[in-house]
Amino acid sequence: MELYLYTALFSPLVGSLIAGLFGASRKTSFTGLLTSGLLLTSFISSVILLTYVMAGHTVHVEMMTWIATGDLYIPFGFVVDQVSVTMMMVVTTVSTVVHIYSIGYMSHDKGFNRFFSYLSAFVFSMMVLVMSDNFLGLFIGWEGVGLCSWLLIGFWYHKESATWAANEAFIMNRIADLAMLIGIFMIYWNLGSLQYDVVFAHISILPMPVITWIGIFLFIGAMGKSAQFPLHTWLADAMEGPTPVSALIHAATMVTAGVYLVVRANPIYSEIPDVGNAIAALGAFVAMFAATMALVNRDMKRIIAYSTLSQLGYMFVAAGLGAYWVALFHLMAHAFFKALLFLGAGNVMHAMHDELDPFKMGGLKTSMKWTWILMTLASVALAGIYPLAGFFSKDLILEVAFVEQHYILYSVLLITAGMTAFYSFRLVALIFHGDKRHLEHGIHPHEAYTFMLYAMAPLAILAVISGMVFKTPYYLMVTELLPAVQYHIHNHTTFWIMTIGTQLFVILAIAYAYKKYAKAVKVDKKVESGFFYQLLYNQYYIPKIYDEVFSKPYLQLSKLAWKEIDLKIVDAIVDGIANTIYRTGEKTHTMQNGNLSSMLRWMVIGLVVLLVLAVAFTAGYNAVNLQAM
Amino acid sequence: MQEHILSILIFFPALAAMLGFVVHKDGAKAYGITVAGIEFFLSLWLWHIYDPMVSGMQFMESAPLVSAFGINYLVGIDGISLFIIILATFFTLIGILSLTETRRVKDMIITLLFLEMTMVGVFAALDAIVFYVFWELSLVPMLYIIGAWGGPLRIYASVKFFLYTFTGSLIMLVGMLFMAYFYYQATGQWSFSILEWYRLILPANFQMWLFAAFFMGFAIKVPMFPFHTWLPYAHGQAPTIGSVILAAILLKMGTYAFVRFSLPLFPDAAVAFMFPIAILAIIMIIYAAMVAYAQEDIKQVVAYSSISHMGVIILGTFAMNVEGISGSVFLMIAHGVVSGALFLLVGVIYDRRHTKLMSEFGGLASVMPRYATIFGIMMMASVGLPLTINFVGEFLSLLGFYKQSHSYTLVAGTAIIVGAIYMLSAYKKAFFGPVTKEENKHLKDVNRTELLGLIPLVVIAIWLGVYPKPVLEPINNSVEAIVQLMHDKAQTPEAQKRIPNLATTGTMNSVSEAH
Amino acid sequence: MFEAIAFYLFAALTIGMFTITVMTSQALYALTAMAAGMIFISAFFFILGADFLGAIQIIVYTGAVMALYAFGMMFFDTTRSVIEKRNNPRFVVVLGALAAVLIVLIVLAPIVTTNLNSQHPIDLNVGNTQAIGMVLFTKYLVPFELAAVMLLVAMIAGIVLAGKKMDKSLTLMADEEIALMQASSHDRTEEEGEH
Amino acid sequence: MELTLNHYLILSTILFCIGLIGVMRRKNLLMLFFATEILLNAVNVGMAAISHYRGDYTGQMFAFFIIAIAASEVAVGLGLLVVWYKRTGKIDLDQMTSMRG
């Protein structure tokens, strides 16, 4: 099994390195094919590992020592257990699809080879992240995906906005990474190891405040990667990257790493339910907060990004409330349908020549029938309509909140579910229904390459069936490792009222969205100039506030530090000392006027000074000595 | 030969430099490469025959110089100095290989070889006077390099460099003389041998003064805030090769000396000064990073980034535990590789455009993709991405200091944030965006000569990031010896508490042992 | 008692003579006063029992040095009073006095130092000159010989310096002047050759 | 009234300071030489006195060598002075400024 583990882990790296060799040269289709092929290999290995794990085994290997000094010992160790194999499946599935899809999507781009190199490198980092058997190994992957995210967001580096967004994403993640490092330090100095099994086995012997702090710091780390408030702004800006990147990194895999961390560290979080509640509360807040921003946004990709953010909030609610398997399940289902949604958006962008404003589209269902079907499917899944994936995973979270008697969370999540349905179908309606507004801009849309649609097909199938088919086997498998808690509402009447009520609520929201946007788009000036609309449209002014409060002052402070402090104070003092000495020399060199007589006088003055010193010092010395006696 | 390997390593370049005067100037570079190559392979051989399991000094040589005062020519290495010596020989080789200077090449080669002698000498010396002599001698070639091949302000910069560091080292010399005097008072014999000094336990108040005297010399060399202002000038005016050697090796003398002198000689004072120094280190980290962010000149960004990283090294050194000190020694090597590479890279673009202002560039990624890639890798290494060489050192340094203070480490940890800010924004300014300047449109990508110097650095930066064990293990063994020595010498309860006792390890790590 | 009277007498005389030396504007007065002062100094040596030193003092100073000065003065126009530009004469005196006070303070003041007192009156069994000779030719033989050589060198130097035609200095001349001088001497040798 | 070492030392000091005043005040080189002679003699008195009161001939030896040195100094100094006078016709200190820094 080790062989499969290494194959699953390293084949993306091999692909990345080979593609990287051709990074600077022109497009060579084989890099795309090669990396996709290697990804497929990785996928197949993961499937084999999955069957092995489902049979009740786990694989744990230690490849080699990484850092060993003092008492610290960190190996490159990898573990394939129920949790990581789930993540591996999600990662390899989505990334294989995205790779194949990208062959078509990026076919006209100059940086084709480079793109595949980065994309495969990302998959490798993600695999390291999920497969590592210790916290620092996880951190390698954690930073690795950050790097690849930086590379891929700024892929079109000639665009100012893209490079800015890339840097923003990297730096914001770094802030969270610092917290994570501190968490790791705390674990090491308290437990002397960073291996998961050691840490989890002994975490309960630590005093409560220490565990709490560890939990908080690790969660702050997770907040950065998963773009939770207040570190969320980078995710929407990250949409500057190519759309397959958004599908893979900023919807399906990387952003869910935070959820994965919390799920992985569940023995820690089980010890500190208060922190868990805080996580859940923050998750619910973000779910609603992001959904409100998605309601009014006019950028197709940003709407989906906010939707992702919102769904991440759901996952954190589940994870915070201790329903780790539910969180992981929603993570999986969400990865499938959200990636599908993004890839569909990619098709639309291609057809629309990179136009992103859905208000400039419309009526695309005739020319892009398959894309329409796929995106609608994904939106239905996202909205949580029975029997698609979203119903099983998302409604389960609602049930968790209800069963755990967090009714406020429950109601927030319920309202958010309605909003989710509304903005998803607002988008679908604006793009695919109504007038062909794009004709005004002289755009003649065409359907994407067939193989791209075929590539999307597995995701579509998974979006439909993953909830229904996978739930039970998944539950059985994953609860070997995670706490097995069934969330059932015992009262049947309540259960049915809730399920049907939720479904009706969601369907109503969808219908409202269709009614409002499917025919003609009426722009209600009054609403748009209203305070709330503006607030939401400007993302609660948070990016602006960050810019004003952090970025600009930091730059100004830096300039101040350089030009005022460094040059005018620190350096000036040094130069001042040197200048004083120099000027003293300039002044006193008149002493050396060559006149012997005045030199003799100076000599005598020197003698007198020395005599005075001699008297003063001996007198002082004697005085001290006399006192001592 | 094995017994005299260190003397050969020290004096071979100097001898070769003397012979270099008779070499014809067309063959000077080839001659330099040959000599530096032989020297480098000798140092690799040194590594080969070095026994990593031994924590003490190896290859010791001794010859009396002034026996009345116990001054001996005493050299020897342990795991700490071994790799810095290799780094020094390596960078001399790399520097000469990628030398693009056309003016007075022969003089440059000879100067570099002399410099190599002093650098190896400093790190191999075990006698304080020999150490001091090499320490001061190293100023001379550097002064000459900056003063003869530098930019328009070179005289100012070189004089500033010289006077600044010289002042510091004079204070250090006074400290050394006092130390020897105390040794004389305690034992009735004169000795300048560091190993002899190690055995001396000084009263705490003496330690404070001596620590302060040594600190002045080392801190200026590092350079620590607020003694850092000579560095930007020196880097700004020095030719590429000068900056590379300065950043990669010369700065390490200061931090190395902290580990070699300050910690084992004055453990109580080191603990007493731990937090003030940590504050200085944190100021260095954040302040230098901010200043780096404000720079317009890409070389100054790298120069200030050096200061920022040196802050982390200092912090690791004063963590007083094996993790921190090993990490800081490793980071010395890492920073040498990375900053040396970055200065070489800046030199590449300077050779083409004769400017270092970032506003003059922009969009270089599309014109010079290979250059951008190598720069990107090195930048990421500088930022401290895992699996690059810097991460191991930075992680261990911060991890070590976390044991001493949580809040300080949290503040110092912002290094990873502020570091990313200035590096990424500099990279963005120079490499991203559209190509705006006409003269940038047809720049040539890195050529073969430059790749010859850069590729090994990239390889090392990643190799030691993925597999640091060959370097980390010898360092670890030697550092353990030093920490144990410090613990045994510690007198104040504070110091005894802060410096771990390795001899009875196992209380804290019961968990890992159980594992 | 007799010693004390002699001491004070000669002290007053010496001080007076030297003051004249320092203060007078007539070179001749100065020279004469100094010669007198030197002889009075030798009196102290005799009082202190350093007979040999006293003799030497008279011979060397009043005999040799003064004669040298007297001959030297003949070169200069010393009949006229010396005109010296004075600036800050008071400053000079104050400085001198200050130095004196300080040295006295160091020598005498009990707060500064323990008083220097006579501890070992000299043993007068052996004649002073004899004793000096024994010390001089045993312990101080090498310095003595060196001093002799030095005196010889000084004598030769004095003769050479004063006797040789030194009205031209190569170091203080401009290049053209040197060339000119060399040319002229060359001419002269040629002329001599013709004769 | 016993004579003590201090008497001689004070006398020596006074003579020395007279010499100092002369050194500072004289602009004529010849007169300056006189003043230096006074300095040397003042020291000699001190030496002889210490020698006497300490019962050690070293002081006298020093005084003896000082006299020797003073003699040579006068010989060489006067020689130089004569040379200078021949060259410039003046022996005024204020005009000897070739050592201006």
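All chains are identified by letter, namely A, B, C and D, in their written order; residue positions are counted from 1 within each chain.
One rule holds for everything that comes next: a contact is a pair of C-beta atoms (placed from the backbone, for glycine too) under 8 Å apart; a residue touches a chain by one contact, two chains touch by 3 or more.
This one's a predicted model, so the numbers in the text were calculated from it and none came from an experiment.
Of all chains present, the one whose mean CA position sits nearest the global mean of protein CA atoms is B. A straight line joining the Cα centres of subunit C and subunit D is 5 Å long. Separating the centre of subunit A from that of subunit B, both taken as means of CA atoms, is a distance of 36 Å. Note: centroid distance subunit A to subunit D, computed from Cα atoms, is 91 Å. Averaged C-alpha coordinates give centres for subunit B and subunit D that are 60 Å from one another. In subunit A, the residues that reach two or more other chains under the touch definition are 601, 604, 607.
Touching two or more other chains at once is no residue of subunit B. Residue positions of subunit D with contacts to 2 or more other chains are 20, 24, 26-27, 94, 98. The full set of touching chain pairs reads A-B, A-C, A-D, C-D.
Residues of subunit C touching subunit D in their complex: 1, 3-4, 7, 11, 14-15, 18-19, 21-22, 27, 30-31, 34, 37-38, 41, 44-45, 48-50, 52-53, 56-57, 60-61, 64-65, 68-69, 72-73, 75-76, 78, 82, 84-86, 89, 92-93, 95-97, 99-100, 103-104, 107-108, 115-123, 131-132, 135-136, 140, 143, 147, 150-151, 153-155, 157-162, 166-169, 172. Listing the residues of subunit A that touch subunit B in their complex gives 23-24, 64-73, 136, 139-140, 143-144, 147, 150, 154, 157-158, 160, 163-164, 166-167, 170-171, 174-175, 177-178, 181-182, 184-186, 188-189, 191-193, 195, 197-198, 202, 554-555, 557-559, 561-563, 565-566, 570-571, 573-574, 578.
Residues 20, 23-24, 26-27, 93-94, 96-101 of subunit D are the ones that touch subunit A when the two sit in their complex.
Listing the residues of subunit C that touch subunit A in their complex gives 92, 95-96, 98-99, 102-103, 105-106, 111-113. Those residues of subunit D that touch subunit C in the complex are listed here as 1-11, 13-22, 24-28, 30-31, 33-35, 37-38, 41, 44-45, 48-49, 51-57, 60-61, 63-65, 67-76, 78-83, 85-87, 91-92, 94, 98.
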